[in-house]
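Each structure below is given as structure tokens.
Same chain, two partners: subunit A is paired with subunit B first, then with subunit C.
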Partner chain A sequence: MTTLASAPEQTATAPAATPTRTRRRGARKVTSAGPLTHVLLVLTAFLSVFPLYWTAVAASKTNAELAGTPPPFLPDADLFTNIGRAMEEAPIGLAIVNSVIVAGCITVGTVLCSTLAGFAFAKLRFRGNKTLLGLVIGTMMVPTQLAIIPLFILIAQLQWVDHLQAVVLPTLVSAFGVFFMRQFLSQALPDELLEAARVDGASTMRTFWSVVVPVARPAMAVLAMLTFLTAWNDFFWPIIALTSENPTVQVALAGLGGGYVPDTAVIMAGTLVGTLPVLVVFVVLGKQIVGGIMQGAVKG
Partner chain B sequence: MTIASDDPRVAAAAAPPPSVPPAPATAARRRRSRLTRNRWGYAYVAPFFLLFAAFSLYPFLYTAYISLHDVRLSDLDGAVFVGFGNYTELLQDEFFWNAARNTLTIGILSTVPQLAIALGLAHLLNYRLRGRTFFRVAMLMPYATSIAAATLVFAQLFGHDYGLINTLLEAVGFDRIDWESGSWTSQIAISVIVTWRWTGYNALIYLAAMQAIPNDLYEAATLDGASRWKQFVHVTIPALRPTILFTIVVSTIGAVQLFGEPLLFSGNGMTNGGVSNQYQTLGLLMYDQGWTNFRLGQAAATAWTMFLIILVVVGVYGLIARRRARAER
Partner chain C sequence: MATVTFDSATRIYPKSDRPAVDGLDLQIGDGEFLVLVGPSGCGKSTSLRMLAGLEEIDAGSIRIGDRDVTDAPPKDRDIAMVFQNYALYPHMTVEQNMGFALKIAGVPKSEIATRVAEAAKILDLEDYLGRRPKALSGGQRQRVAMGRAIVRSPQVFLMDEPLSNLDAKLRVQTRTQIAALQRRLGVTTVYVTHDQVEAMTMGDRVAVLKDGLLQQCDTPGTLYERPANTFVAGFIGSPAMNVITGPVVDGGVRLAGAVLPVPRERLLRAAGDGGRVTVGFRPEAVELAPEGVPVVVNVVEQLGSDAFLYATLGASDDGDVLHTADLVVRTEPRSAPAVGETVHLRVREGGLHVFDPVSQQRID
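Presenting the complex of A and B:
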């Protein structure tokens, strides 16, 4: 990386010198990126986005066309024919509706539970709160595999297989959400505000809705976006709890890629349709999501 | 649940049992709220912990119970106690050791380049840059793509006859590679999918931590005549160490559970991870045992073994980190 290849080492002059701060301020942070930095970043951005673009190209070509030299780099009108065929092969329309319902319910439930618990862990002192918080953090280490067998037996007994609540309920538990809201609220919510509400005689519930929630709103929005994305993309539990009779998008895609569709273009067309909604949302809200991930990283 | 009794202080205190969430506030209670406010904490955490008890804690323990029994998916009520039989059988099973090896190699092949590239990218993104938001959003696009979609697309890109990667290899004079059937090649391909999805995300985490490093440190280093590279090694990396540890732990936990990519990479929906199980991971093996061979007891033993592996590895990381921290003090 040439960005690093500047100043050769000057030894021994510095320690004696008294810092002339004002002149050297911000030696690094204001450094503009050089051309190579730009080249590397453009390359990375290209590699990040190209496979998604290629989905659209591959969705409109026959295998023979894809293997041609040079390979095709623009989609053509067959894209729509193949999307139609993919919708016939797998219930992708139904899957998108189901995914919206599932991810929506999970998002609302998770954000609510996480804000309540995060507030308690950040601001209320009650016996065992440290132990409980430790328990929350500890659950982040537990693999999904550890829960799915009893959950499968449970939903089989409740006859919930292929019903959306079988996916929604177990996914509402988000240790990350609780931790995320706790980190935000312990900094963003001043104790004086709670004190003032109490002096005014507000009940605890009232305090929560009219003091805590307004302060928590930006973090709740970030958590909602991340939760929706994770829930939309969740794979393992949905393919056990649902079948292609009543799938989410990921279950439908797993079925489509499961070998009964011989035509790659149709598989790619289905992949494109199933991925497009979340990518569009992502492009619109991308800046906020990036901010949210970085914010969570610093606080956590 | 035993929430409260976990804490020794609770047993010692003469306070009334705090584990019962208070009923909706009456007027009298509201007036006393100054005294009892702290007990409201339980009401706030209750929704989370009720869900946690029902859908996490109970399943974890029940999985342990099942792992000590011979349970068939076809006959859920006919459990037969076998003690640690499922575990001893697992340790003698060549499929288990094969899956464990594959999980390890894919884990290394995906985690190490992913975090190294992410660190470099974060460094680049930390310069003053035109189009900052564009680069950040573009790098996060793979994270927004689901495992299923990413794997189907990459399975196509890595295809033997029609895949773009082989086409390009051939164009520059190499032979076409049968990525799926080779042991190393299939594991590399799967690692590429994982790396593609997570590098940008980790870069943003590192970038956030880099921006929190006080500028004074760089000023001092500049005054000491440290080159950019020396600053990166002696200022940036040490300041980032907790964040790096965090990303290593998270990536490791993800790598042990790897499931969707090897399942869909085969292109035939089979759970064997290739004809010679060349990319069957522990997560896939567990699914194979439970839902292809109907042996839930065996699958539960595999699940608990995976959890123990995670605990041991994370414990080792913790020890190494602590020892390093002590050595530097």
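Presenting the complex of A and C:
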């Protein structure tokens, strides 16, 4: 009796234990990385972070120290002195505010217009849909430099030179953004969802706000990040349209450390201050954006 | 609740020379459950979408009750639709999904809550009102889609293959639930499916379509007993009806050297074209007999309660070679013949259907 009672217990526990072990081993295979991978990852991370670290180091030294051999690798206490000098030389504070306004407006405009246009191209049936999309994509092939002179004449006639709207308005919508949103919505937004909204009585605009935007949110976040970075780093058009009296960050940085010998420490201090807001944006939004990219990938 | 009328409704898709739905004439009674059935590409979903206002109508008209809705947008048709993939809004909870149409219509919040709660109770969804669709099983999602239709209390329910994404067992369960719910609510319902079993078990009437043309619209019993043509005969019923064409001889049609008896007056009407006639008989309308049409058994399927013989009809012995026809015959499982055996078939009284070999239409 004892033998009979204990035997099934063993057979019952044995198969339960085996799959658990297999599953664990399987999971470890997916999540764990080998030593070589670790070394490569650490190296990549170091290479990515080093320019920023070097900027911070250079911003805390003097020009003479930076010219020494070997170059310094540890930050110094002169960081705030150099930042102070940079802010005296150029209106960095105003430039940051201007850049936030400019990049913010361009981001909101681009994301909104691109989502609207992307939705129309992806899901609405209208005559000339493909031709118009081709035309929009075609504009990506026109170099920016080609439009600079007519654009400058235009804003000069509007008396917008040295005004922020001169930088904001020409880039309120981008062909890349329209194409990006169109591709995302073609795949991520099922036609039935829009038809369900139509049957439910929603107008096209109501459908856009209540159904399309929530589905498009991950792609909108990615586009917002990319647009914000591009707008923040834009130099060519702002230096033409604005002056050092009312600059964006990049225009202000261009005026730093001038003279017979460029003052690298001051330039680096200004650059560091100008980079911080972008870093803050990425730290705040980064997780959502990466999550958004993943979500889109799985859905697509 | 209302009647629905398709009056020569036609839809031709752009860049297509053939209508997807060709002059559809259909009257659906108040509170009736009508099933549109047919193979892929027959125009059943297009017909439903035309009624929903999601497809344009190129000719003819559609009326809901006395109202011509041919050019009305979906929101003005007082219909609710259940989609094949449910089309639930992924970012809304079950409660928000069900109440969305009412919210757009400007119904007060308290009334929305009451109506959603009532629908949730009917569909046993009360515990899931706060969940998002991704946290629900397939069957629960299907019920939410039903709930979204119910809360609106529309004049007509439209359902586009709502069970096709469920597993076989759940499909049978839900089929019964939907049919019972429709009877209880008494709302006119148009239901699209490609599954003839679903059509036969759920519909008050079933409309069979093929290539955009309505073949027959009748009660399930009539469709089965008196199919209007060879397409309906072959489409309705599982396994399908055996349909064979053979030469007319004295007293019937000759198949593989034997004569299958056909009433004389039906033969006369059918045999206009080259002395041939098309006959049909269902697997259960045939019995094994000492004499009759000889067939060779290829496969025997034992289902417990029945056995199905898959057999081939041979060529006739006088050189009049027929196309080799595969037949299905239902027999008693215990007395089923062996594979390779030649058996003789006889059609039971009243089990023979006669069709015109050219027009394929039924001859009574």
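The criterion applied here is as follows: the second predicted complex is superposed on the first by the 228 of 300 C-alpha atoms of A that agree within 3 Å, B and C clash if a C-alpha of one lies under 4 Å from a C-alpha of the other, contacts with A are read in each partner's own complex, and residues count from 1 in each chain.
As a convention for this text, a contact is a pair of C-beta atoms (placed from the backbone, for glycine too) under 8 Å apart; a residue touches a chain by one contact, two chains touch by 3 or more.
None of the values given here were measured: they were computed from a predicted structure.
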{"item": "Partner chain in contact with A:Gln250 - subunit B first, subunit C second, else both or neither", "value": "first"}
{"item": "First, second, both or neither for A:Asp200, with subunit B first and subunit C second", "value": "second"}
{"item": "Of subunit B and subunit C, the chain that contacts the larger number of subunit A residues", "value": "B"}
{"item": "First, second, both or neither for A:Cys113, with subunit B first and subunit C second", "value": "first"}
{"item": "Contacts of A:Pro214 with subunit B and subunit C, given as first, second, both or neither", "value": "second"}
{"item": "Which of subunit B and subunit C A:Leu279 touches, first, second, both or neither", "value": "first"}
{"item": "Which of subunit B and subunit C A:Thr44 touches, first, second, both or neither", "value": "first"}
{"item": "Partner chain(s) touched by A:Ala58 [first = subunit B, second = subunit C, both, neither]", "value": "first"}
{"item": "Touched partner set for A:Leu226, first subunit B, second subunit C, both or neither", "value": "neither"}
{"item": "Touched partner set for A:Pro190, first subunit B, second subunit C, both or neither", "value": "second"}
{"item": "Interface residues of subunit A shared between complexes with subunit B and subunit C", "value": "198, 201"}
{"item": "Residue ranges of subunit A touching subunit C (in the complex, touch as defined)", "value": "190, 192-193, 195-202, 206, 210-211, 214-215"}
{"item": "Of all residues in subunit A, those that touch subunit B in their complex", "value": "1, 3-11, 13-15, 17, 19, 21, 24-34, 37-38, 40-41, 44-45, 47-49, 51-52, 54-55, 58, 63-64, 66-67, 69-71, 112-114, 116-117, 119-121, 124-132, 135-136, 139-151, 153-154, 156, 169-170, 172-173, 178, 198, 201, 203-205, 208, 229, 232-233, 235-236, 240, 249-250, 253-259, 264, 267-268, 271, 274-275, 278-279, 282-283, 286-287, 289-290, 293-295, 297-298, 300"}
{"item": "Parts of subunit B lying in touch with subunit A, wherever the complex brings them together", "value": "3-4, 6-7, 9-10, 13, 15, 18, 25, 30, 33-34, 37-45, 47-49, 51-52, 54-56, 58-60, 62-63, 66, 76, 120-121, 123-129, 133-142, 144-157, 159, 161-162, 164, 167, 171, 196, 200-201, 204-205, 207-209, 211-212, 215, 218-220, 222-232, 243, 246, 253, 256-257, 259-260, 263-264, 267-270, 283, 286, 290-291, 296, 299-300, 302-304, 306-307, 310-311, 314"}
{"item": "Footprint of subunit A on subunit C - complex, ascending", "value": "52-54, 73-75, 79-81, 83-85, 87-91, 100-101, 104-105, 148"}
